[in-house]
Amino acid sequence: MEDQWLKSLITKTPQEGFELAITLSRKGVRYTQPDPEVLKKLRPEYANDPEKLTAASHVIAVNFQTIAAANNYWK
Amino acid sequence: MEDQWLKSLITKTPQEGFELAITLSRKGVRYTQPDPEVLKKLRPEYANDPEKLTAASHVIAVNFQTIAAANNYWK
Amino acid sequence: MEDQWLKSLITKTPQEGFELAITLSRKGVRYTQPDPEVLKKLRPEYANDPEKLTAASHVIAVNFQTIAAANNYWK
Amino acid sequence: MEDQWLKSLITKTPQEGFELAITLSRKGVRYTQPDPEVLKKLRPEYANDPEKLTAASHVIAVNFQTIAAANNYWK
Amino acid sequence: MEDQWLKSLITKTPQEGFELAITLSRKGVRYTQPDPEVLKKLRPEYANDPEKLTAASHVIAVNFQTIAAANNYWK
Amino acid sequence: MEDQWLKSLITKTPQEGFELAITLSRKGVRYTQPDPEVLKKLRPEYANDPEKLTAASHVIAVNFQTIAAANNYWK
């Protein structure tokens, strides 16, 4: 269904790891709602509601836990 | 009650692991609401609401933690 | 208060582990609302609401993390 | 402020561990609302709402992760 | 911005660890809303709503996971 | 898209680790809503709602888990 988009959890820096966590979080949404037009339409509702923004940050935090562990915390 | 659908948490690639996380997340719903007709009817309500899409992505993130650990982060 | 219902976290297969995660999630509800009549009455409201179904799947995912770790991911 | 109520995370069985997770979850509430009269009054509202029951089960699941790890999963 | 309030995650007992988890949870709120007058005004709304009390207990549970791991579960 | 803002998860003290967890939580919001004017406008709504404050504290707690593990709990 999907092209290859996730080859590895390893990143060079913690910041790239955080950005990969954002990608995973968005992919979790896109697998459920694959239509880019719908997603674009939902965006303003989404990006202007503090509750939804916090919820987005929460999902990123969970994915960042996974990626940080995969990278042995870049130590 | 259910056929065998989960034989292993091991996947060849991180992306297949992510897709297995999606399967687990959906199975968690289906064990609670097994009627496919009901699930189909609920889908539009679900896939057009940013809050619910983020919640779905959150569950996937939790299941992906489990699968990534099982695969030793594909290292 | 309760009979013995949880003897071990060890299961033969990942799928049985997932089903045990469902049991734990339901038990968490039943310890708070032990009346089976009330629970039966709440069920339709519960099983037809995408938000509540996702929340149920989330709790299962958290319990599955515990059970998967207990079983060393069935490796 | 509080008497000693938590001496150890170690339990004899997984089920006692699950019941300790329930105790921790309730204590988390009681530290925020210590008045038993208020808590009793809130209980019916709480125990008859599927969303709140699932949220309670979620907190129990998180505390059970901690207790299960403390007990090395009773292996 | 803040005085030193967190010197160590190590506590003598699990109960002190749980109480430190409560402190961390409250600090997470105070960094976002530092005005004590506002916080005092919000308290009644907060402490009389079962949903919000469960949410508070959830945050405590997450912080307690961290502290329990830091203390090697007081074993 | 973003300047370098996250060089390391290592901090000198637990408190600096907690403050880094706050930074990560806010960055998770800012990647979704990068417009500082919008964020400023949303702030009062955010900082005066107990539910949203608890949700913010929850995200901080998840990020603090990651940072505390990265620092081996400052032991």
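Think of it as A, B, C, D, E and F in the order they're written, each chain with its own count starting at 1.
In the analysis below, contacts are C-beta pairs under 8 Å (C-beta built on N, C-alpha and C of every residue); 3 or more make two chains touch, one makes a residue touch a chain.
Note that the structure is predicted; figures quoted are calculated from it, not measured.
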item: Set of chains adjacent to subunit C and to subunit D; value: none
item: Equivalent interface positions on subunit D and subunit E, same or different at half; value: different
item: Chain located farthest away, centre of subunit F as origin (C-alpha); value: C
item: Subunit B-subunit F separation of Cα centroids, rounded to whole Å; value: 27
item: Intercentroid distance (Cα basis), subunit E paired with subunit B, Å; value: 31
item: Junction residues of subunit B, two or more chains touched; value: 46, 49, 51, 55-56, 58, 62, 65, 69
item: Topology of the chain contact graph, where touching chains are joined (line, ring, star, complete, other); value: ring
item: Sequence of chains encountered when the ring is traversed from subunit D in the direction of subunit E; value: D, E, F, A, B, C
item: Partner subunit D, residues of subunit C touching it in the complex; value: 2, 4-10, 24-29, 31-33, 38, 42, 45-46, 49, 51-52, 55-56, 58-59, 62-63, 65-66, 69-70
item: Footprint of subunit B on subunit C - complex, ascending; value: 13-15, 18-19, 22, 46-51, 53-58, 60-62, 64-65, 68-69, 73-75
